[in-house]
Amino acid sequence: MAENEAIAAAFADGPAFIPYLAVGDPDYEASKAYVEALARGGADIIELGLPFSEPIAEGSTIQNAIVRALEGGMTPDRFFEFVEELDVDVPLVCMTYYNLIYQYGRSRGGEPGPEAFVERAAEVGISGFVVPDLPAEEADPLRAACDEHGLDLVFIVAPTTEGDRLEEMMERVSGYVYVQARLGTTGAKTDVSDQTTRSLQRLAEWDVPKAVGFGISSGDQAARIVANGADGIIVGSALVDIVAAGVNSERPVDETAEKLAAKARELAAGTREGAARRNADIADADSA
Amino acid sequence: MAENEAIAAAFADGPAFIPYLAVGDPDYEASKAYVEALARGGADIIELGLPFSEPIAEGSTIQNAIVRALEGGMTPDRFFEFVEELDVDVPLVCMTYYNLIYQYGRSRGGEPGPEAFVERAAEVGISGFVVPDLPAEEADPLRAACDEHGLDLVFIVAPTTEGDRLEEMMERVSGYVYVQARLGTTGAKTDVSDQTTRSLQRLAEWDVPKAVGFGISSGDQAARIVANGADGIIVGSALVDIVAAGVNSERPVDETAEKLAAKARELAAGTREGAARRNADIADADSA
Amino acid sequence: GKFGDYGGQYVPEALMPAIEELDDAYQRYVLDNEDGFMDEFRQRLADFGGRPTPLQRADRLSERYDLDVYLKREDLLHGGAHKLNNALGQVLLAKYMGKDRIIAETGAGQHGTATAMAAAHLDMPCTIYMGERDINRQRPNVFRMKLNGSDVKPVTAGRGTLKEAISETMRDWAATVESTHYVIGSVVGPHPFPAMVRDFQAVISEEAREQAHEKLGGLPDSVIACAGGGSNTMGAFANFVDDDSVDLYAVEAGGSSLAVDEEAGVAPNSASLSTGDEGVLHGARTKLLQDSVGQIMESHSISSGLDYAGVGPELAYLVDEDRVTPVAVDDDAALEGFHRLSQTEGIIPALETAHAFGYLEEHHAELSGSVIVNVSGRGDKDLQSAIEETEAREIPNAPDMSMFSEGI
Amino acid sequence: GKFGDYGGQYVPEALMPAIEELDDAYQRYVLDNEDGFMDEFRQRLADFGGRPTPLQRADRLSERYDLDVYLKREDLLHGGAHKLNNALGQVLLAKYMGKDRIIAETGAGQHGTATAMAAAHLDMPCTIYMGERDINRQRPNVFRMKLNGSDVKPVTAGRGTLKEAISETMRDWAATVESTHYVIGSVVGPHPFPAMVRDFQAVISEEAREQAHEKLGGLPDSVIACAGGGSNTMGAFANFVDDDSVDLYAVEAGGSSLAVDEEAGVAPNSASLSTGDEGVLHGARTKLLQDSVGQIMESHSISSGLDYAGVGPELAYLVDEDRVTPVAVDDDAALEGFHRLSQTEGIIPALETAHAFGYLEEHHAELSGSVIVNVSGRGDKDLQSAIEETEAREIPNAPDMSMFSEGI
C-alpha cells in the first residue's frame, strides 16, 4: 500500500493533534477561516468533513453542522475548490460517506466508483480518507484508487472490533488508524473510557500510528490519552460546538476563528504534554 | 270479549272522529285544556297518549310531543289523575307502549303484568287501549284483563297485514280496529293511499268499526276516507303539530286550545260530510 | 321465539309481516342451509372475514394469574371486532331474501362499520342511522362507513345516541319494510333476531370449543365475555351451554356505580343482567334498566358499545336458569384491564372487551384451571377515550399519562 | 450478503460486530431452525398474529376488470399490516440471541406499532425513535406504541421524519450494540437484514402460493404489491421468483411526478426502482433517489409508508434481472385505488396498499388471467389523510366529500 508522505511526516515528530470540522459550516468563507485557525492553533493534520445528507455515524453536534453546511450550499466540487484555496501547511484528510465518493465519477459523466473522486482529491491536495460507513470488507475499490494516487485510507477501530475484523483492517489501513474511544457516535464527552487503553493494547502490533477520537474535548483529556499510548488525538465535536455557538450567538467570524485557534492550542498543548509524560514514564520504566 | 258500551255508542250514530294527543304535552294543565278543546271541537272518542321513553312506532312529531310530556313530568299515575280530572263527555282510549302497562303492577308493589294497569284505567274511566308494540300474538294477558274490566282492546291493521295475522287480530279486537293508512310511522301527510281502500275491503267482514289513521290532516281527507267506507278517522300528528307550534311560538294556552278546537271542528265536519257522501252513494246505488 | 318467558315479538303491526318473512328465511336458510346459504356464509367469513380466528395462549397473563388464560381473537376479524360475523350473515341473508336495501343503526359505530363493509362486499345499498352526538364522538367510524359507500344519516332527536338511532331505523323500516332488511346489531330485538344473531355469532364458540380440544386437550373451566346487548357473549357461550362443567361469565359494564338515580332516570351503569328487571324493549321481553314505572333508564359506561339499557333475552334466560353468571366491573377496572392486556400481551382491546380483562384482573383468584376470554374487538377506535378516561382517574397500572399530552 | 452488486454492509465499524453476530444468528436460527426457532416463530405468527391470512377472491373487482382478482389479506394480520411478520421474527430472534432490549425507528408508525406489540408480547423493553413531525402526524400510532409499553423517543433533528429517526436509531445502536437489537422495518439496511426480513415476510407468498393452488388450481399469472422499502413486496414475491410464468409487479409511489427537482434536492415521488440510481444508503448498495453528486433526495408520497428514498437491494437486483417489473402510479391514482377497494369490496386499504389498486385500476387491460394483489395493510390509520388528500383533488370515484365535513 501507498503511504502518504505528508501524513507520515505529521506523526514523525511525536503524537499528532488532529482536529475535524465540517467544510462549509456555516458557509464557505467562514469555514475557510475556521480551518485556517485550526492550523494556526497547532493542528498536525486536519480532517475535513465533506457533508453527506445522511450522516448515520455522527452525533447530533456534527449532524447539525452538516445540515448547516448543506444549507450553505456545500457540494463535492465546492469542497475540492475549498481545499484548493485553503492556505494551510498541514496534511488534509477528507472525511465523508461512501455514496458521495461512489457517485462522483457519474456526476462528471463517467461511471460510478471511487476513482474519479480520489483522483480529484489528490489533485487538490487531499492526503487521505476516513469513510465512516465503509468497513474494510467493502473498501477494496477505494483502497485501490488510493494506492494509485498515493493517498491514505484510515479505518476506524471500534471497541467492539476484534479477531478477523482487526486483520481485515490491518491489511488495508494506511496513514493512521482511528481508534474509537467508546461506543456510540461522535460527540464531546468528558469521560475517557478504559476501552481506549484496551483498544490501544489490542493494536500494539500495528505499524501505523493510532489516533484516538470520540469524546475528547479538553487539553487534559488529550494529555491523558496520549500519555496512555495514543499516537494522536482526533477532536471534532468540541470544535464544532464552538462553530455552533458562534452561529447561534451571531458572533463575528474572526472571533469564532480565534476561539477555535485557542481551543486548538489547548488541545495541541495537551497532546505535547501527554507525549512528555509518556516519555517520562518510559524513562522511569527504563530506570526501574 | 267484552265490548265497551261507551265506545260502541260513539260509533252508533255514524262515523266517528277520533283525535289523539300526548297527555302532559307540554305540561299537565295545558294538556288538559287541549284535550277538552278536542271534545269541544266534536271528538267522538279521544285517544290519550301515555308517554313512553322509547316510542318506536311514532314519527318525529309525536316523538317530540312525548319528549315534552316526559320532561313535563308525566307518569302513569299522573296520567290516571289527568283522566280522572278531565271534564269531557266522550269515551277515552289510552294509547301507550306495553312496558308501561306491564310494569305498573310492580310499581304498586305487586307482580308485573297488565292487570293492575287495566284495573286502574277502568277506575279512572278509560274505555279501551291501543298498544302499538303489542301484536295480537303477545296480547292475550292484556286482552284477558280488558275483558275482566269491560275495556276494549284496539289493534292496528297495517297495509302489510294479511292472512293468518288478520285472523289472530279479528279474534282479539274489540271497540274498533285502527286501520293504518300507509306504511311508515305516524305523521301528517297530504296523500291518502289507495292502500286504505284495499285495507277496508280486506276487513269488510269484521264486525267492529274500522277507523283509519296515519297521515290524515284535513277535513277534506277525512271526508274522502269516510266516503270510501271508513267508520272513523284517527288524527294525531296534525293536532300535535298545533301543540308544537304553540310551544315554539310561546302562544298562550287558550289560543292553542282554540286552534285545536277549530281543527277538531274541521275534521269532525269532514267526517260527517264523508258520511253524508257515502249515504248519498248508497242511495245512488240503491236507486240504480 | 321464546327463551322461557323472554323474547317474543313486541313490534308495531306494520313490521310483523317482515319479521315473519325473516323468521321463515331464518329457518330455511340458516337452520336448514337451503340453497347452501350457510356454506356460502361460512366461506365468506373465512375469505373476507379472516376466520378462523386464533385461540391464543396468553403466556404472560397466565403466569401473572396462575391460570391457563386463552384469548379468542375476534379482534383479528375484518373490521376489528366480532360484529362482522353477524353483519355479513344478515346482509347475505337479505340478498337471499331478495331484498335490495339494508338499513342499520349504530351507537359506537362498530356495528355500522361492519354492516357497511358487508354491504360493500355484497353490493347492497346501505343506510346507517347514527345519533348526531355519537357521530361527533366516533368520527373515524363514520368515515369508514362513508368510504365503504354507505349513507350515514344523523339522528338529531333526543340526545342523539343509540336509543334514538334505533327508533329512527325502526321508522325507516316501518316505511320500507317490503324492500329493506334491518340488520340488527346484537342478540336483541324481536324474534328471530336474538336466535339468528346468536347463530351467526356462534362460530366464535364453535371454533373455540374445537381449538380448546386441540390446545387444552379438552374443555376450558371457564369462558369469560363482556356483555352489552350480548352478541359476543352469546357467540362465545353458545357452544358451551350444554357443557355443564364450563362456567360462563358475562361481564357487564358496572359504570361508576350499580346504584340507580331514579329521580334523574339514570342508571350509571349498563348492567341489565346484574341489576335489571324484566320488561319489554325494542321488540323483546328481557331484563332492562328501567325506573319503577317502566320508563327506560339512561345507561352509562365508558364503553359506548356496552352502553345499552337492555340485553339479549336468551342471556336473561340463561342467567335466570343459573347457567350464566352475570358479573360487573366498573369503569376503573375496565381501564385497568385495558392497560393490562395492552402492556402484557401486546393487544390493545376495545373498551368493551377490556371489561372482561378487568374482571380477570380483579377476580382471577376465584377462578382455576383454564379460562377462555373472548377478545371481542380491538381498541384502535377507543384510543382517545381510553387516554382521556385514564387521565381523569387513578388507575394502578396506567402508564405515565403525561407522555400522551406533553411535547408531542 | 449480496444480490448481484447490491446489498453489502456499509455501516460504521462499531456496528459491524453486531451485524456479524446477527448474521450468525440468522444462519443458525432462521436458516437452520436451531432450537426450533422457526417453529416457535411460525406458531406465534399463527396464534398471536392470526396467520394464515386469507387469499380472497374479489368478486366485484374481478367482474369490473374482467380478471380473476385475488386479495392476499395481510390487512387482517394483528396490528393491521404485514409489518408484524418481521417485527415478531426479529424480536423473537433478539430473545434467542440473549439481547435484553429492542430499538426501532418508525416513519408512519406501522413498523413501530408492530414492534411495540411484539415486544409487549415477548416481554422485551423497547424504544422507538420517531421524527417529531411524524409523531404529530401519526398520533394514534404513537398512542398505540405507548399503550403497549414502548418508550417513544421524539427525534427533533432535521425535518423530524423517517430519515432522521433512522440516523438516531443507528446512534442508539452504536452506543448499546452489545445488549440491544435494532429491529429494522424493511428489507433494507446492511446484510443480513434484507435477506432476513425477506425470509420473515416470505410467509406471505408461501401461503399465497399454496392458496393459489387450492383456489385457482395453479399459479397466478401476476402478483402485484406496492413497494416502498419493499418488505411486503419481497414477502409477496419471494416464493414466486422461481416461477417464471408469474409476472411480478412492484408498484411504487409516483407521487405528483416522476421528474426530480435537482435544485431543491426533492424527488416528488418515492419511485427508486423506476427512476433511482445505484448508490449506498443506510448500510446497503441499492437504487436510490439521489442528486447527481450523491446527496439523498427528499422523497414524497401521500403514503408516508412508501415515502423513502431507497429500496431493498434484492428488489433492485430483481429489477435489473428483469424478474420484477417496476411500475409507478401517482398520488391521484393511489387515491382512486383507495376508494375503489373501499367501495367495491368493503376493504379500506392503507394508502401504501392503495397504490397497488391504483395500478390495477389504470392498467388492468394490460393484465390477463389471474392476479394476486397483496393487501399489505388496512387504512384505518390513513382515514384523515385520505379524506384531506381526496378533497384537494379531482378523483373520479371519490365519494361526495362534503359529507365528511358538513354537519357532522
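Going by the order they are written in, the chains are A, B, C and D; count residues from 1 in each one.
Assume a contact is a pair of C-beta atoms (placed from the backbone, for glycine too) under 8 Å apart; a residue touches a chain by one contact, two chains touch by 3 or more.
Remember, predicted model here, so these are calculated numbers, not experimental data.
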Inset, instruction - Calculate how many whole Å lie between the centre of chain A and the centre of chain B, each centre taken as the average of the chain's C-alpha atoms. - result: 97
Inset, instruction - Please report how many Å separate the Cα centroid of chain B from that of chain D, as a whole number. - result: 66
Legend entry - chain B and chain C, separation of their C-alpha mean positions in angstrom: 38
Inset, instruction - Chain touch graph shape: choose line, ring, star, complete or other and state it. - result: line
Legend entry - Listing of all chain pairs that touch each other, if any do: A-D, B-C, C-D
Legend entry - chain B to chain C touching residues, read off their complex: 52-60, 63-64, 67, 70, 75-77, 97-100, 102-104, 106-107, 112, 132-135, 137-138, 155-162, 165, 180, 183-185
Inset, instruction - Under the touch definition given earlier, write down the residues of chain D that touch chain A in their complex. - result: 8-14, 16-18, 20, 157-158, 163, 166-167, 170-171, 174-178, 265, 277-283, 288, 290, 292-296
Legend entry - Partner chain D, residues of chain C touching it in the complex: 46-48, 50, 53-57, 60, 73, 75-78, 80, 116-121, 123, 132, 135-136, 139-140, 142-144, 146-149, 152, 154, 339, 342-348, 379-380, 383-384, 386-387, 399, 403-404, 407-408
